[in-house]
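Labels run A, B, C, D, E, F, G, H, I and J following the written order; every chain starts at residue 1.
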Amino acid sequence: MEQRVEDKYARRWDVDSYDTIATEVLEAIPFEYPGSKTDVVYTDPEFTSVCPWTGLPDFGTLTITYVPGDKLVELKSLKYYLNSFRNVGILQEHVVNRVKEDLVKLLNPVSLTVEAEFRPRGGISTYVRADYRRA
Amino acid sequence: MEQRVEDKYARRWDVDSYDTIATEVLEAIPFEYPGSKTDVVYTDPEFTSVCPWTGLPDFGTLTITYVPGDKLVELKSLKYYLNSFRNVGILQEHVVNRVKEDLVKLLNPVSLTVEAEFRPRGGISTYVRADYRRA
Amino acid sequence: MEQRVEDKYARRWDVDSYDTIATEVLEAIPFEYPGSKTDVVYTDPEFTSVCPWTGLPDFGTLTITYVPGDKLVELKSLKYYLNSFRNVGILQEHVVNRVKEDLVKLLNPVSLTVEAEFRPRGGISTYVRADYRRA
Amino acid sequence: MEQRVEDKYARRWDVDSYDTIATEVLEAIPFEYPGSKTDVVYTDPEFTSVCPWTGLPDFGTLTITYVPGDKLVELKSLKYYLNSFRNVGILQEHVVNRVKEDLVKLLNPVSLTVEAEFRPRGGISTYVRADYRRA
Amino acid sequence: MEQRVEDKYARRWDVDSYDTIATEVLEAIPFEYPGSKTDVVYTDPEFTSVCPWTGLPDFGTLTITYVPGDKLVELKSLKYYLNSFRNVGILQEHVVNRVKEDLVKLLNPVSLTVEAEFRPRGGISTYVRADYRRA
Amino acid sequence: MEQRVEDKYARRWDVDSYDTIATEVLEAIPFEYPGSKTDVVYTDPEFTSVCPWTGLPDFGTLTITYVPGDKLVELKSLKYYLNSFRNVGILQEHVVNRVKEDLVKLLNPVSLTVEAEFRPRGGISTYVRADYRRA
Amino acid sequence: MEQRVEDKYARRWDVDSYDTIATEVLEAIPFEYPGSKTDVVYTDPEFTSVCPWTGLPDFGTLTITYVPGDKLVELKSLKYYLNSFRNVGILQEHVVNRVKEDLVKLLNPVSLTVEAEFRPRGGISTYVRADYRRA
Amino acid sequence: MEQRVEDKYARRWDVDSYDTIATEVLEAIPFEYPGSKTDVVYTDPEFTSVCPWTGLPDFGTLTITYVPGDKLVELKSLKYYLNSFRNVGILQEHVVNRVKEDLVKLLNPVSLTVEAEFRPRGGISTYVRADYRRA
Amino acid sequence: MEQRVEDKYARRWDVDSYDTIATEVLEAIPFEYPGSKTDVVYTDPEFTSVCPWTGLPDFGTLTITYVPGDKLVELKSLKYYLNSFRNVGILQEHVVNRVKEDLVKLLNPVSLTVEAEFRPRGGISTYVRADYRRA
Amino acid sequence: MEQRVEDKYARRWDVDSYDTIATEVLEAIPFEYPGSKTDVVYTDPEFTSVCPWTGLPDFGTLTITYVPGDKLVELKSLKYYLNSFRNVGILQEHVVNRVKEDLVKLLNPVSLTVEAEFRPRGGISTYVRADYRRA
């Protein structure tokens, strides 16, 4: 009986490929106090992407923490960049590493961390964190 | 300078029409205690649709409260139905009324309320609630 | 690819039938202030049963509120009774109505309400409440 | 094996009888605004008594709410009175009714409610409430 | 009188042996950023097993934190694995060490911690934590 | 000594007159479910105006609740309207009544409430609420 | 031994009489929307007076709620008035009734409530509320 | 007048001596993962003893944290041991040190900490912590 | 207009000098576990003194943390000592340093910290902390 | 259609230049315990400035933490200084660095940190922190 129910309701949603991640929309602006030890944190409680296998959405809070070198990320461009993951099929463990790589390339920061805290799936919630430190 | 910045970053995202709302996926199942005064509440903190003008997403908690007549909504079909709003361009005030109408048609409940509490836009958060009561 | 993954990981757990609900363990004790208007509430944040189709567990907080006539339920017997749902396959909407019926039969109370608030499944949490009032 | 463990650790603590409840220590003082509609609430988060069968302690928050007629209970005498339940063996459902009766006799209030919210035993917490209203 | 009550209500529930822990259902998947310093945390607030002596259930939040080497644990397989403790009789102190050993064997991680925070029994709650670090 | 300190630090800030309240920026849009009983609530935790005597700012959360007739207020126009109070000298008790009057004129709602909860001044916080109901 | 300790540490602090309550500092200002149904609430979490017997201080949150007729209380004068209770020896039950009487005389409001929630003494906290409604 | 009131209400409650602390009820059980770095924490929010001078009760949360050597404390025996302080007259500062010494003797742990956080007396709450580390 | 209002309502309250701080009431008692590493924390959420310039009260939570040498401060004497600041005119920054000096002189502790967290004035709250460590 | 809506509602508010930041109002007062290790923290949850491009306000909590050398900032002058940012067009990242520089110049502190936590814009909230330490 279980199988019949599953057959009846199971659906697969369309999934965008990595190509739709809008890395090109990211803009850097000059940091005017490069000699000042400064921490910057952006918190986006509205991050969402989709499961690459089922197309069902994941929701989480994504946090970016960095010590700028001489560049800041422009906030509106960051918003559009993060919004471009909306229909991309990507595993939660990959999201933070992809964002980390795109922002390190853009900003060449002293250090940068990307964290994501995803809402539960199957009763289990997942947190992932990736760190970068300039050598 | 403001204008230049706006031009540079402004983007418009694709928006699905109301046709993609998957009303047809909703399934009713029999309520086996129709003589028992019972309240049922489903809370979905992962509701999202998009602004019909900008394509930017709205996020909110959508709550459905009803006293069943002789039908319940099957939970997995409800999930798929709500997920189908993901890329639909629809105003927040319309969402709760659309969901209300689709569920009243499906279930013919004694009463039914749909509430949505959306995260702030421009610093202001919005809550909308629509009520139905069988005459 | 989705199908392959599902095939690989999908499991079905054993499910007990309704017969294993230990209604017979429930014990009533005399209420010594039957003339005193008294409300009694028991809250069990450790209620669990399983899905009748998949055998996967549901978890919730079950609350029983009643105005006694001349009987109270003995607390330890209530605990054993609720524990007997542990491996029973039963829908969330049925749980509160079943508990309501068993306790009304045992206690003949002035009024009695059973509520259950289940943890999210597919991102959606469910609350169900059934009320009884002596005619 | 279970039995052996139980034998090894089971203990029974001494239990005082109802005679040790210090009703006589309660003192009333005049309420100087008897014509003024006034509510008074005392909250004691340190109430404790013991189980009449095992001698193990119960802990709870006991709340007394009343509309005075022309008398108030003196607060320090109330504290000593409540403290006198410390080693008395009494069921949770009886505590609120006993306190209600002692205070109604002392104060002849317009109305009076005694509530108690006990910490969980066997995972289940209990709340009891008894109401009095002058005829 | 205490003894009589205990005799009347005492029950012993069936207990599964360690053999039913489904270690074999655990699946590893490749970690695609093995050079990236990454922390992964899974939080399962729905962990339950049973007391080996009484068969009564324990409930807790189990948390797994690790720095992957080149493998991740597949989330659905983890869920099934943890669910297989449901009726196993195992002490709380053993649970975290057993999970730790099974996952270290599966993943060969850089480091791994298993924590469990159990709901109170006899008024006392227990937290246990076991740490592994690759030599 | 007190006087000297006061003289030294006392300042008076410029205050705008009521004329700068941008009532004209408010826009109504049609409500497409006028037959549906609907509640709409906007919460602005960023409301600020200034004291008419000292020019020092007040900060508060302003909440607008209404049952629409056949018009809604456009959210962005509401934001600009509320922002226009920023440098206006107006007493807290007047703010809610002024907003109430402007919105009732714009929307002709079935009912409308404006609340404001201001942060403490001199240790005392103030809440004001004004209600309108169509005759 | 108890007695010796008490003797050693017991102190009695000076207590001001009711004469020092600065009723005369209260000022009313005109309410400019007397036809508008308006609620006004002032919350003072810094209220303090002293015990008439020991001179030890009581601390509480005092809340004044009223529907004005045609007068408001000026906020700074209210602050000075409440501050004048600082060293007055007055029972908690009397404070709310005294404030109620002074403000009703000043404002002739449609209705007025004074509440006070005092921090615990002897482990027990006290809440008192007095209501006035214009006949 | 103060003195008269004190005379009238002052009471002294019976106090047990240190002899009644049931150290002998404590039982150790073998720790089966002595090579595994493991932390164990027990939290008892129901700890109570009495003031040695007045006999009035103290209430607090007592927390025991340790890294076991090759022994664990049996939980039920710990509960009985802590319950035996119920009527013992002992200063708060002594409680944690006494428990520390009894458990160190029983368990010979790698390290052990006892903390207690007592509810306010005279408006002031007290926290005490004692640490042991095996040399 | 501002000036006129200020003239009308401005008041200055009496202020006690430093002489009224009751340092002499502080009592030390022996610490019976001087060889045990012990932390003691007292938290007083009812600290109040007055502004030396305006006589208006400040309210805060004062916390004392220390590692005793061979003396403890007697709790009731500490309460009386802190209460003696009630009408003393003293800056918030001076309070913690004065208390620190008085207690270091009394106790000769291994280390001692005094913190105070004052409620907002002019919208800004202040926290001050002073540390002592025996050389 | 989006463009038309934007045209209709878009507004640009006046923006003050950096010249209106009232650095000159800041006053230092002597710190009377320069040999005492002391931390001072001011928290202003009412900080506001405006976006240099749109004139729309930003709101945040600004926190200043420092170890004084021999000077403190006078609190009322700090309030006026922070209030002077009210209509200044300045980026969030610049605010903390500007405040840091002004206060370091005024106070020559041992160390000083300025943090600001801004409310969300476009769903993303920003935190910025700048640190100074005397060489």
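Keep this in mind: a contact is a pair of C-beta atoms (placed from the backbone, for glycine too) under 8 Å apart; a residue touches a chain by one contact, two chains touch by 3 or more.
These numbers come from a predicted model, not from an experiment.
Asks: Can you tell me the least number of steps between chain E and chain I, where a step is a move to a chain it touches?
Replies: Tracing touching chains, the least step count from chain E to chain I comes to 2.
Asks: Quick one: which of I-J, A-C or C-E reuses the H-I interface, over half of the residue-numbered contact pairs in common?
Replies: I-J
Asks: Between 0 and 180 degrees and rounded to the nearest 5, what angle rotates chain H's CA atoms onto those of chain J?
Replies: 145
Asks: How many angstrom between the C-alpha centroids of chain C and chain B?
Replies: Centres of chain B and chain C (C-alpha means) sit 30 Å apart.
Asks: Return the distance between the CA-based centres of chain D and chain H, expressed in whole Å.
Replies: 26
Asks: From the mean C-alpha coordinate of chain B to that of chain J, what's the distance rounded to whole Å?
Replies: 41
Asks: Let me have the rounded angstrom distance from the C-alpha centre of chain E over to the C-alpha centre of chain G, please.
Replies: Chain centroid spacing, chain E to chain G, equals 55 Å.
Asks: Could you tell me which residues belong to chain C and also touch two or more other chains?
Replies: Correct list: 45-46, 59, 76, 119, 121, 123.
Asks: Chain contact graph: line, ring, star, complete or other?
Replies: other
Asks: Let me make sure I understand the interfaces: which chain pairs count as touching?
Replies: Pairs of chains that touch one another: A-B, A-C, A-E, A-J, B-C, B-F, B-J, C-D, C-E, D-E, D-G, D-H, E-H, F-G, F-I, F-J, G-H, G-I, H-I, I-J.
Asks: Could you please specify the touching residues of chain J with respect to chain F in the complex?
Replies: 8-9, 11, 13, 25, 27, 45-46, 48, 56-57, 59, 74, 76-77, 80, 83, 86-87, 119
Asks: Tell me, which parts of chain H touch chain G in their complex?
Replies: It comes out as residues 1-2, 5, 12, 53-54, 59, 119-121, 123.
Asks: Please give the residue numbers of chain E that touch chain H in the complex, ascending.
Replies: Touch list, chain E to chain H: 93-94, 96-97, 100, 121-131.
Asks: Hey, which residues of chain B end up touching chain C in the complex?
Replies: Interface residues on chain B, with respect to chain C: 31-33, 36-46, 72, 75-76, 78-79, 82.
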